[in-house]
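Reading through the structure tokens given below for one structure.
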Amino acid sequence: MEKGKIIELYRKMLEIRLFEEKVFELYGQNIVPGTIHLYIGEEAIAAGVCSNLRKDDYIVSTHRGHGHCIAKGARLDMTMAEILGKKTGYCRGKGGSMHIADFSVGMLGATAVVGAGIPIATGAGLSIKLRGTDQVVACFFGDGAANQGTFHEGINLAAVWKLPVVFICENNLYAMGTCQSQVMLIKDIAERATAYGIPGVSVNGNDAIAVYETAEKAIKHARHGNGPSLIECKTYRHKGHSRFDPATYRPKEEVEEWLKKDPIQNLKRQLLEKGYLLNAGMAQIEREVNDIIEKAAQFAIDSPYPPPEEALENVYA
Amino acid sequence: MEKGKIIELYRKMLEIRLFEEKVFELYGQNIVPGTIHLYIGEEAIAAGVCSNLRKDDYIVSTHRGHGHCIAKGARLDMTMAEILGKKTGYCRGKGGSMHIADFSVGMLGATAVVGAGIPIATGAGLSIKLRGTDQVVACFFGDGAANQGTFHEGINLAAVWKLPVVFICENNLYAMGTCQSQVMLIKDIAERATAYGIPGVSVNGNDAIAVYETAEKAIKHARHGNGPSLIECKTYRHKGHSRFDPATYRPKEEVEEWLKKDPIQNLKRQLLEKGYLLNAGMAQIEREVNDIIEKAAQFAIDSPYPPPEEALENVYA
Amino acid sequence: MSMHNGDGKMRVITYRDAIREALLEEMKRDNTVFLLGEDIGRCWEGAFKVTKGLAEEFGDERVRDTPISESAIIGTAVGAAITGMKPIAEIMFGDLTTLAMDQIANQAAKIHYMFGAQAKVPLVIRTPFGGGVNIAAHHSQSLEAWFMHIPGLLVAVPSTAYDAKGLLKTAIQGSNPIIFCEHKLLYPTEGPVPEEDYTIPLGIADIKNEGEDLTIVATMFMVHKALNAARMLKKEGLGIEVVDPRTLVPLDKKTIIDSVKKTGRLVIAAEDCKTAGVTAEIAAMVAEEAIDYLDAPIRRVAEPDTPIPFSPPLEKYVIPDERRIIKTIREII
Amino acid sequence: MSMHNGDGKMRVITYRDAIREALLEEMKRDNTVFLLGEDIGRCWEGAFKVTKGLAEEFGDERVRDTPISESAIIGTAVGAAITGMKPIAEIMFGDLTTLAMDQIANQAAKIHYMFGAQAKVPLVIRTPFGGGVNIAAHHSQSLEAWFMHIPGLLVAVPSTAYDAKGLLKTAIQGSNPIIFCEHKLLYPTEGPVPEEDYTIPLGIADIKNEGEDLTIVATMFMVHKALNAARMLKKEGLGIEVVDPRTLVPLDKKTIIDSVKKTGRLVIAAEDCKTAGVTAEIAAMVAEEAIDYLDAPIRRVAEPDTPIPFSPPLEKYVIPDERRIIKTIREII
């Protein structure tokens, strides 16, 4: 990976991190309605994967989707506005955090039903094949989603039809309070690729460059008409599952160990070591990112709620 | 396998074959309502598996379930009566061919929804575990069912909870007109066991002794508390999928090749070669089986239909 | 039977062929239209042979056989629909929509709304409902009411070849997800269908028989039973108006209410289970909006609340027929 | 609030605790009773903390955390139920029953019938419905009407701690599959619950407030809004009778009809989408069986036919409240 790309990757990850920290701060102020699933700790995956994608490529996201949005190029202000339920949000306030989408950058939407996005991604892949373009779909989902019937049906169908879809399992070891070993006997979810006759690979999801390079291969494979693959990214969420979850079900040592593997600190260290960035450059990026996030937050806060009657609009097209 | 057992196995298979031929004959006479899925050609599987089961063990069946019923020890007359929609049938005419059950011998029922029996079998396994008995469940389903979400969810759950369930995929290469290679990239469905961390094995489903021995191992494994396995039995149906299917989608040579592999002729040859049975013994068994099947058919034909108002009974227990 | 408005020629074809023609014409017209489903391709051509010849005509890429994966069939169709295609998904039996309810109700129907109108979901789901062929509880249900209860989804319930073709073409040309309910026993029924191109707008009921004395609102196969009942009662001098809504969402309330205003009596006949079924919504709507025009209680003709039994005399007993319609009419006339 | 008949002491506890007590008591009474569901065990104790402490009390074998496999949760429960156990399955959000509809509607509900009464399916499915907490279209629906439409399934819709405990105990002790609908906003609500053992039979409505002028049949959280409305209107001298059916299947038609006979006016209030919803069936039933006692049109208070939007002002707009109830009452009084 070349220097400029790595720096871009770093900036993207930082954007996600600081965005999520801002969301966290705002919900401390009680202005974020509903629940929230933060992506903190998993930034390398969305950023690493999406850095390989073109604007006309697609992604399909989950309940933990802010990072995917940002990585695919959605605007921070409209994303934040949606999370706050404002009229200026991507979905005019109708979707919120768990149902955010930006079709203008190929972000085909989050779904709050775990695993439901998988066959939808297959369908976007089919659409690409039928239209004869060389787009690619990246489909994100969690370890928990890998036990849904849709995982099986959706990936199998993409395999059989050789569709350009890269299935990315963000294995953060837990689905709410349920750890992976409670709900599957295998260690590497990538092994499930065997069942569909497609390539499967596990990668350190906290190593942005590793994610980038693994995704690069799979995306090329897909773009060249060789069909889908399954990439498992091992990672960890720094916070609880959702808004009020103290995540006490996770052993302290495990948490500490993983906090040390922070993907952003990781990449920062590498950038400094390789001399790609000096401390000053780092600081400047942080300032810039902080700045746009503050602006995004302010935009969201200042935006009006949609008028109530809009609830009745857009049921049908 | 000892001689007596093999002869019993042969008799069971013959029972199934002649029963199904009788069903075929009766529907030629237009007295079998609805549709029918014959088991002809696949007898070695039901018989081979169920010969290992105790009466208090369970099986879960499919739309192609007559063979399973008979192999588990259901009465031929009540089975035939149900298929004809008579009051004397196992389900008093409410279920018919696709929804037949005999709880008195542990036959927990057929379901006409492909794949739906899989988690139900898992549940029977859970029940065994919770009740602390050493029963076992055998769950039959087709190659087509292996692409249902329930296959994935049901087997995974049985694996995680180490339940005493043997999953038996009757791979007859087709699901209606759809051949296996159209809908999955792998050749051996047994490979899917890897995804759940359980043993998986493919066996010649037309070789009754091979099926018996493979099932024996898996059933012991389950009975001793070591959890589920997946057995794929490669087989072929001699007739079309259902009542009116001429099955012209199958290449002639393929059909011919498989007809040569008839599981009953196979076993008969072995019995004769080994001198376990002489031609006279064979003929006698055939006569006996023929006889009980004629009686069963006559019983079914002579039985009355249920009175119409019974349609309103048994909605709730 | 309402007449076609154009002045083109009519031919008599089956409901099955009418549907097939609609598929064929729309696939020709618009190459983003494609079909997917179990055994719809050249090997089987649909469990009810509706897609006969289409794989030959359009190739396996546009007439796609799928694995037995109902959830993935609809999910895949949703994904294709939001990215520029117009999928028509077949679920082999209506009873099996149960396996795809999340994709239908939570994804297909809600995406346009949830995402603030960023995406359209032009998706047609075709599926056969109904009993009468002795295939029992898992292959005989009528579940239209569930789909009426899903905001964002349209529901078509054609009863004739003419309606089937015209409504299906409208559905395919539309921008919304729609469940297109067919009835197993209707496939072989015949009716006049124009040779020329035509469509029928959604939400326009058709008065299949005019009458002054009582209104029957009937759907799907029950329309024909209602017409038979009307014919029989005509001999006694009773004028029964048979209103076929043709689509349940949108529902043509006005035509129904106008008919009730005229006759003062209402029977609603649908084949699904009575409780919380199709007949419930129509009865409730009239009780809310036109109760003052009623001269008698509303009556519903529907299946009793039982699964569909297998045995012919049992099945016959639960599926409402002309006798039950007539008996019900006599209760309030 | 109807009073408990026994003479034991009452305590005030939450709806959540009432449900938990029922689970606890029945698990103690009958060791074939067990729980399964996502995150119901010791790590999380239920998304709404209903199963708090139960894994500690009964162990992980009887309080089983499952993978995120809704279809397998219900299917597994069905398999256990037909082989001697009494499973209580939790589906974390009612919206996700869509993923298990085949197992619920085609297997659990039909097995007893299809197999000619050879097997019983004593299965309780607990799940929370309802909106009001800004978690949008996939976590806020009320789908009770779908379940009413499934023959073979029972449907409970408790609105108070007292009803929840008594009905749940009956459900667990019963022999049929039942969907036990809870409401997210009811969990923290408090009410009197006897200390001693009690059960409430299914199919007996409770008159939560007596009145002479108009009947409101309300369910779940809408019962409380109806009671508020009744209180407000009382100041104007209007007597509003609030009837809570408590179970939708079986439905206590008699109590509803008797109330309508008394008041002559009927409003039905439920939180689900209006079309083909809970209110439709109740309105239709009255229009069929008691129309002559009505002095005014029936009116339904329900959600408009939209998905549940996320943004607070939007969500507030679609979920029916006291103001809408009162406005609707005024339309017919």
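Some points to look at:
Order of writing sets the labels: A, B, C and D. Residues in every chain begin at 1.
Here is the rule we use: a residue touches a chain if its C-beta (ideal position, glycine included) is under 8 Å from a C-beta of that chain, and two chains touch if they have at least 3 such contacts.
Here the structure is a predicted model, which is why all the values come from computation and not from measurement.
Grouping of the remaining chains in the absence of chain D, by touch, is one piece. If you average the Cα atoms of chain A and of chain C, the two centres end up 40 Å apart. Note: centroid distance chain B to chain C, computed from Cα atoms, is 37 Å. Separating the CA-averaged centres of chain A and chain B is a span of 45 Å.
Looking at chain D, one finds that residues 66-67, 69, 71, 95-96, 98-99, 102, 106, 113-114, 136-138, 151-152, 304-307, 309 touch two or more other chains. For chain A, the set of residues that touch two or more other chains comprises 91, 93-95, 99, 111, 113, 147-150, 152-153, 156, 160, 182-184, 315.
With chains as nodes and touching pairs as edges, the resulting graph is complete, every pair of chains being joined. The touching residues of chain A, counted against chain D in their complex, run 33-35, 85-86, 91, 93-99, 111-115, 144-145, 147-149, 175-178, 182-184, 249, 305-312, 315.
Here chain C touches chain D in the complex through residues 95-96, 98-99, 101-102, 104-106, 109-110, 113-114, 136-138, 143, 145-146, 148-152, 249, 251, 272-273, 275-281, 283-289, 291-292, 294, 296-300, 304-307, 309, going by the rule given at the top.
Put simply, chain D touches chain A in their complex at residues 38-39, 41, 43-44, 47, 65-69, 71, 95-96, 98-99, 133-139, 304-307, 309-318. Put simply, chain B touches chain A in their complex at residues 147-153, 156, 159-160, 182-186, 191-192, 194-198.
Contacts from chain B toward chain D in the complex involve residues 58, 60, 89-95, 99, 101-104, 108-109, 111, 113, 116, 118-128, 130-131, 149-150, 152-154, 156-157, 160-161, 313-317.
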